[in-house]
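Input: one structure, supplied below.
Order of writing sets the chain letters: A, B, C and D. Residues in each chain are counted from 1.
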Amino acid sequence: MYTTETQIRIHYALTDQMGVVYHGHYAQFYEIGRTESIRQLGFTYKDIEAMGIIMPVIDIHSKFLRPAKYDDLITVKTTLRELPQHHRIIFHSEIYNEKDELLNVGDVTLYFMIANGMKRCDMPDVFREKLQGYFPV
Amino acid sequence: MYTTETQIRIHYALTDQMGVVYHGHYAQFYEIGRTESIRQLGFTYKDIEAMGIIMPVIDIHSKFLRPAKYDDLITVKTTLRELPQHHRIIFHSEIYNEKDELLNVGDVTLYFMIANGMKRCDMPDVFREKLQGYFPV
Amino acid sequence: MYTTETQIRIHYALTDQMGVVYHGHYAQFYEIGRTESIRQLGFTYKDIEAMGIIMPVIDIHSKFLRPAKYDDLITVKTTLRELPQHHRIIFHSEIYNEKDELLNVGDVTLYFMIANGMKRCDMPDVFREKLQGYFPV
Amino acid sequence: MYTTETQIRIHYALTDQMGVVYHGHYAQFYEIGRTESIRQLGFTYKDIEAMGIIMPVIDIHSKFLRPAKYDDLITVKTTLRELPQHHRIIFHSEIYNEKDELLNVGDVTLYFMIANGMKRCDMPDVFREKLQGYFPV
């Protein structure tokens, strides 16, 4: 299992007139979480794109338990529960507020694809090698 | 079953550097679809809020089949497959491009809640009465 | 002078916790207004990009007079006051609500640039020809 | 003069298909900059709203010099050049990339207003007292 944490401060643009964060913005929090999760492995999603591989989102499932509010400093806890075998990777996200209350849970499935031609491909070696230590056989 | 259709033109702000609509924006398309779906019943979600009832999103599940692109005129087909029994309502959305290709499928679950105190409540009568004809016993 | 009008329905995602449209979203309304303004000339901004020319925004000035609110059907009135001479084009936008109250005024300056190499260029001929009739000498 | 700096990492949602940050998102960067600028005085914009005072944006002027790109770590330098006298406050923002290139300049004018009734008011005392030391007579 590979888990990282990132913090995000909620700014005004993310709120709606219910006085809470608009539900549609959580996909961005998951994105920020997994980007930082990759960065902490020692390379970046930008590096992956520079290799000609992109990772489009294929599926998202979000559960909204409690609302995040303006100026909250939320923590996005991002977890890979399994080492990807082929072209598919699933990031699990949990979002907490400063009281450590669980606000939101999201599962985001992405594919590895060769940008030129949009064919599915395996996870890049650099990615697999960095992750392997977190998933002992 | 109650089904309506709404069209949305994709503007630049919705695209990302993959050259397609950013995945996080589809939640807004579902929102626009269900808002227009309610409007076609003869009242509005704004009217519901004016009655002191809000409809927070509790759960979203999105599948991304094909990307929407800049300047596409997409059609959001919004369906209620069941008449809500209590505080829960599920809108099913299908998003098509101008070639009638299915791009995206989303299921959004919302609760009816009394804004003052945030307690769950039943679907407002005005809403139920308008819908009932679409769900013959 | 060349003027067109477009309508936009305000959805929830555009509101903030002040109960009005977040100020940062008006740039999108200007964008939608000028895109439709170009479309009504008989071609599209997408066509311009397909010709290898892009139109980055160089300057925006916005004045906020009254707030737009949830579910408002706003009208974006987009005007070219002068026929562009070289690489610069200025769109003037006025945004009105359904009571015909002026909510917002924006001036957006864009450049015509050759995407490949990012050099400034003149307005494409197709664009100039369509506009010329609106600017008699 | 009172100046602070904040850093923002550009995530994918902020890019558009030109491969740069969508121009309409800079208003959010100014917002984040001035919010952190207030926080560094020892209170928050949230505290101001809790006092019944809101600060709507009245005017924005943005100049776009160079684009911010995906994964850039931009620095928002936020400056108050004058101590506000009455109900008006102007934040000047400069945005730099990691090479210290100036990308964008923005001037945002806001009013202090009593939320209940929407009348203009003077800057709250707590705010003025914290700022005064930065503006010697």
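Note that in this section a contact is a pair of C-beta atoms (placed from the backbone, for glycine too) under 8 Å apart; a residue touches a chain by one contact, two chains touch by 3 or more.
Computed from a prediction, not measured in an experiment: that's the story for all the values here.
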Per mean C-alpha coordinates, the chain lying farthest from chain C is A
Looking at C-D and B-C, which pair shares more C-beta contacts? C-D
Using mean CA coordinates as chain centres, what's the gap between chain C and chain D in Å? 25
Measuring from the mean C-alpha position of chain B to the mean C-alpha position of chain C, what distance in angstrom results? 28
Among all residues of chain A, those touching at least two other chains are 12-13, 18, 20, 24, 27-28, 31, 70
Touching chain D in the complex, chain B uses residues 12-13, 15-20, 22, 24, 70
Name, in rising order, each residue of chain A that touches chain B in their complex. 18, 20, 23-25, 27-28, 31, 54, 56-64, 67
For the chain D and chain A complex, residues of the former touching the latter: 9, 11-13, 27-28, 31-32, 35, 44-46, 70-71
